[in-house]
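In C-alpha cells below, several structures.
Consider the two complexes below, in which chain A is the common component and chain B and chain C are the respective partners.
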Partner chain A sequence: MITLGLDIGSLTAKGVLLKEGQILVKHLIPVGYNSKKAALLLMDELFEKAKIKQTDVQKTVATGYGRNNIDFADKTVSEIICHGRGIHFLLPEIRTIIDIGGQDSKVIILDDKGNVANFVMNDKCAAGTGRFLDVMARAMETEIQYFGELALRGKNPSKISSVCTVFAESEIISLVAKGENREDITSGIHLSIARRIVSMVKRVGMKPPVAMSGGVALNVGVIDALQKLLETPVITTPLAQYGGALGAALLAEEK
Partner chain B sequence: MKRIMRRYYTEAKYAKLLGKKIAWITSGGPVEPLIAMNIIPIYPENHGAMIGASKLGGKMSEFAEGLGYSQDVCSYVKDDITSSITKESPVPGGLPEPDMLICSNNICGTVLKWYEIQARKFNVPLFIYDTPFVHTEFTDEAREYVNEQTKEYIRFLEKHTGKKFNYKKMKKVGHLSLEAMRLWKAVLDTAAHKPSPLTAFDAFFHLALIVTLRGKKVVVRYYKTLLKELNERTAHNIGAVDNEKYRLLWDNLPIWFRMRWLSDKFASHQAALVADTYTQAWCGVIDLIDENDFLGTMGEAYTRIHLNVGVDQMADTIKTFIKQYDVDGLVMHSNRSCKPYSFGQYDIQKLIREMDIPVLMIEADMTDDRKFSESQVETRIDAFMEVIKQRRK
Partner chain C sequence: MKKENNLQVFRDIAREPYAYLRQLKQKTGKVMVGSTCTYTPEEILLAAGLHPFRIFAQSKEFSLADAHLQAYGCSMVRGMLEDGLSGDLDFLDAVVFPHACDSIQRLSDIWRLNVKSLHFDVLLPVKLDSELSKSYFVKVLGRFKKEVEEAFSVEISDANLRKSIALMNRLRTLLSTLYELRSQSPEIIGGSDLTAVVKAVMVMDKEEAEKQLQALVDVLKQKQPSGSAKKRILISGSVCSHPDIYHIIENKNAVVVWDDLCSGTRYFEGLIEQEEDLMAAIAHRFTERYVCPAKHLGVKFQMENLKKLILEHRVDAVLFMLLKFCEPFSFDFPDIKNELEKMGVRYIMVEMDQHNKIDEQMRTRIDTLLEIL
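Entry: the complex of A and B
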C-alpha cells in the first residue's frame, strides 16, 4: 500500500510517499500564494521522483495551514498529531517535540505509545515563529541556511530585549549602528527566539528526551540556543523538516 | 427572550414619558435596589455584547481609538463611548441617556474610569460601590465596609429620585432576585446530563435576563419555562449537540462575534461546551444571601463573585465544574479586553493540572473582531480535539 502525506505550511509544502512503512520519496517546494497549486505541483514532482502514477496512491492525508484547501485529500489532520506521529516513527524514545513553524510554534508532549498527551502553541504574535528568523536573517543580509552557523560564531551574544518581530528588527538596526558585530547580533537573535520557545516548554512541562521537528531543526544556532537554555540535549534528524508530512503519510496508512 | 428584551429597551427609551429614571449600571452591580425604586437599569455591558454579536465591535473600537483610547482598553468601554457619541447601536437610537450611574468595581478596575468619563459626559451623579478584592478570606472589616456602602447607596437613590426608599418592595425584589438566581442555577445544572440539553452558547444567550432584569417577575417566569423545556429534553435524552461525544468547559466571556462559528466548529467534532465559568457567575453566590435580609447580605455576596477572588479560588471553582459536568477538556478564552478574567489563566492551568485534562487557550476578544485570527484558532481547536479523541481511545 502506498500512502501520501502532504504538509502544506505557510512557507513550504512538504510531501512524503510511504510504501509499507518505508519512505519511498520525500520532496519539498516553496508554497507561494496559492497553496493548492503548490500542493498539485509538489505531487507531480513526487510521483515523477518515485516513478509512480497518482492512481498508485491509496490514501492521502493533508496537514499544515493549507490542509483545508487540499480537497482531494482523504482526510485532514492538524500538525500537532502529524509531527507527533512522524517524530515518534523516526525517534521512538522522544517525549517532547519542539516545532517552530512559519506561523506557529508548538511544543508537543508524547506519551510512551507516541500519542499526543498535551501541547501548547504560541500566542498570536509572530515573535516565536520561523517568520521571526526569516525577517532577522534578511535584516542581517544572510541566507537563512547559513544563519544558524553565523550564530554559533558569536562570542558575546547581543541582548535583544524586544519580544516583537518588528521592534526587534529596529533594535538590530541600532545594534548595527552601535558597531556590534554580525555574529554576536545573530547569536542574540537566536537566543531571543529560544527564550520564547523555552517558556512554552516550561508551560506544558518538559519531558526528556527532547527533539526538534520542522525546518528550523536544520538551524544549528536554534538547536544550540535551546540546548543551553533547556540544559538538556535537543535531538534532531535530517528528516526533521518532513516530520509533519511523514506523520500524515503514516496516519493515512493506519486507516 | 427577544420580546422581553425589546419591551425592556422600549420602556427605557420612553422612560421620561413614563416618569421613570434610568440608571446605567455595571454588570456585577447591585441592581435590586434600583428595581425596588422603580428605576430602569441599563447595562452598557449587555449593550456591548449586542454590539459584539452584531459584529460592530472592531469598527466601534477603532473609532474610540481615534479619540485617543488605547488599543488595550476594554472593548466594552470603547464600544460604549463610541455609541454614546455616534448613537451607532443594534438598539435603535442607541442606549437611553442615564439619569445616574451605578458602578461596582467587583468585576474590574476599568469600570471606575469608564463610569467617571460617562458621568462627566452626561453630567449625572455617579455612585461607586467599592468591593475590596478577596485574596483569601472575607474579613469582618470588609463586611462592615460594604454594608456601610449599601446604606450610602440607598441614601444616594433617595436623594436623586426625591423619594423614600421602598423597603417593602425591596423585600419582594430580593425574593424574586434570589428565586431567579436559583432557577438560573437549575437551568445550568441540567447540562450535567448526558447528552447535555444545552450548551454554553445557549447559556450565553439566555443569560441576558438574569443580568439585566433579576428582581422582576418576568425573569422568574422565563427561566421556569426554560427549565421545564430543558427537563423535558433530558427526560427524552435530547442533546443540544447531535451525537454528543465529548464535553468541554469554557472559561471567560464569550467571543460574541464568533458564537455561531465556534459552536459549529465544536459540534463538528461532536463536542458540546456544556458549561462555562462566565454564566455561572450570576448564581455562584446564592448561598451567601439571606433571603430575609437581602440588603444586609448583598454586600458580601457582590464582593465575593468569581472575578473578585484570588486565582486559588477560581481554580477550585473550575475543578468543581470539571467534576460536576464531567468534562474532557477546558477551553480558555484569553480575552484581550478582560484583564481580571484572563490574567490568572496560566496559573489556573497549573493549579488544575491534577485534574489531568487538556487545556486549550484561544486568544481573542469579546467584541473586537480585529483580535481574532480564524485560521490560528481553527488549527488550535482541531489539534485540541484530536488530542481529546486520542486520549479516549
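Entry: the complex of A and C
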C-alpha cells in the first residue's frame, strides 16, 4: 500500500510517499500565496520523482496550516500529532520534541507509543520562530543556511532582551552602531530564540531524550544554544523537516 | 405534530443586538441603560421601568477607541468604547459601570468625558467575601438605587423591586434549565445557538425573553436524547464571542457541555433569595455566586468551582479562552493548570481578541487537544 502525507506549512509544503513503512520519496517546495496550488504542484513533482501515478496512492492525510484547504485528502490531522508520529518513527526513544516552523514553535511531549501526551505552542507573534531567524539573518547580511554556523563562531554573545521580532531588530541595529561584532550579535540572536523555547519546554515539563524537528532543526546555532540552556543533548535527523509529512503518511497507513 | 423551535428569534437578536434595541426604544419609548459587566444590578433598573442591556463590543475594527486606549489592552473594553464613539449606540440613554476590573474602571472615566449619556458607577469592593465588604456592597447598591431615582425622577417601590427580582429569577432558572438540558443531551441544541440565546436574553425585553425562553425549553424537553458518545468540553475564562469555536469542536466529535463565562453561566448563576432588605438580597446573589477573577476570592475558590463543574458535567477537557491582556485570569491560570494536571484532566489555554477571527494557530491547538482526547 502506498500512502501520501502532505504537510502544508506557512512557508514550505512538504510531501512524503510511503510504501509498506518505507519512505519512497520526499519532496519540498515553497508555499507562496496559494496553499492548494502548492499542494497540487508538490504532488505532481512527488509522483514524477517516485515514477507513480496519483491512482497508485491509496490514502492521503494532510496536515499543517493549509490542511483544511486540501479537500482531496482522506483525512486532516493537526501537525502536532503528525510531528509526534513522524519523529517517533525516526527516533523511537524521543520523549520531547521541539518543533520550530516558519511562523510558530511547539514543544510536544510523547508517550512511549509516540502518542502526544501534552503540548504547548507559542501564540503571540513571530518571536522564537523561523521567520524571526529569517529577518535577523537579513539584518546580519547572511544567507539563512550559514546563519547557525556564524553563531557558533561568536565568543561573547551579545545580550538581546526583546522577544519581539520588530523590537529585536532595532536592538540589533543599536548593537551594530555600538560596534559589536557580527559573530557575537548572531550568537546572541540564537541564544535569545533558544531562551524563548526553553521557557516553553519548562512550562510543559521536559522529558529527555529531546529532539528537534521542523526547518529550524537544520540550524546548528539554535541546536547548540538549546543544548547549552537545557543542559541536555538535542538530537536531530536529516529528515527533521519532513517529520510532519512522514507522520501524516504513517497515519494514512494506519487507518 | 412536532413543534418548531423559536431559535431564529434569539439568533436574529444576537446577530444584531443594537438593531433590536433601537426598534424596542421606538416601540416602547423605554429608557435604554447599557451595562458593561454582569455585576450590574439589573433588578433595580427594571424596577425603575428602565430597559437594561449588555453592551457587547460589536465593532469589528477599532479606529476611534484606540485614540483613548492602548492597543495592548482588553479588546472587549476597546470594543465597547468603539461602539460608544462610533454612534452604534445612538439609542443609548445611560450606562452603568460596575467597578469590576481596572479596564472597566478606566473605561468609565474615558466614557464620561467622551460619550454623551447618563453615567452610573457601581463601586464594587475589591474582595466580596468578608462581612465588611458585604455590608459595604449593600450600601453601594442602596446609593445606586437612589441615584437612579434622582436621575429619572422615579420612585423605585419595594413592590416593583420584588416583581423584578422574581422576573430575573425566573429568567435565570430558565437559562439554567436550558444549560442542564444541553449538558444531558448535547445534540438537542448547537453550542453557537446556546450562546446566541444567552446573548439575546441579555438585551431583550425581559418579559418577552421569559416567554420565548419558556417556549424554547418546552420544545427542547420533548426532544429524545440520542445518547451519542461525544467528548465533553468545558469552556472556562472571560467571554466567548466566537461562535466558530463551537463548530470547530462539534466537527471533531466533541461538544461544549458547560462554561463559566461572563457571556454564559455567570449571567444567570445563583438566584436572589427572599430577604426583608431587598438591597441585601441583591448583594448576596453577587457575593455567593462564582465570582469573576477580577473580584478575587483566592485561586482556591476558582479551582473548587471548576472541579465541581468538571465532576458534575463529566468533563473530558477544559478549554481556557482568555481575552488577551485580561490579567486577573492570567494570574490564576498557572495554579489552576497544576490542579487540573493532578486531576488528570486535559486542558489548553488560548488567548484571543474579542474582535479577531479564529486563526489557524488557534485552530491547530484546539484540533490537537480534541484529537488526543
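The definition used in the following text is that the second predicted complex is superposed on the first by the 255 of 255 C-alpha atoms of A that agree within 3 Å, B and C clash if a C-alpha of one lies under 4 Å from a C-alpha of the other, contacts with A are read in each partner's own complex, and residues count from 1 in each chain.
Quick note on the criterion: a contact is a pair of C-beta atoms (placed from the backbone, for glycine too) under 8 Å apart; a residue touches a chain by one contact, two chains touch by 3 or more.
Only a predicted model underlies this, so the values are computations on that prediction, with no experimental measurement involved.
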{"item": "First (chain B), second (chain C), both or neither touched by A:I81", "value": "both"}
{"item": "Partner chain(s) touched by A:I52 [first = chain B, second = chain C, both, neither]", "value": "neither"}
{"item": "Chain A residues touched by each partner, larger count belonging to chain B or chain C", "value": "B"}
{"item": "First (chain B), second (chain C), both or neither touched by A:I29", "value": "neither"}
{"item": "Which of chain B and chain C A:D104 touches, first, second, both or neither", "value": "both"}
{"item": "First (chain B), second (chain C), both or neither touched by A:V116", "value": "both"}
{"item": "Shared contact residues on chain A - chain B and chain C", "value": "65, 77-81, 103-104, 115-117, 119, 121, 123"}
{"item": "Partner chain C, residues of chain A touching it in the complex", "value": "65, 68, 77-81, 103-104, 115-117, 119, 121, 123"}
{"item": "Contact footprint of chain A on chain B as seen in their complex", "value": "334, 346, 349, 353, 358, 361, 363, 371, 373, 375-376, 379-380, 382-383, 386-387, 390-391, 393"}
{"item": "Parts of chain C lying in touch with chain A, wherever the complex brings them together", "value": "350-351, 360-365, 367-368, 371-372"}
{"item": "Sites on chain A touched by chain B in the complex", "value": "65, 77-81, 103-104, 115-121, 123-124, 203, 205"}
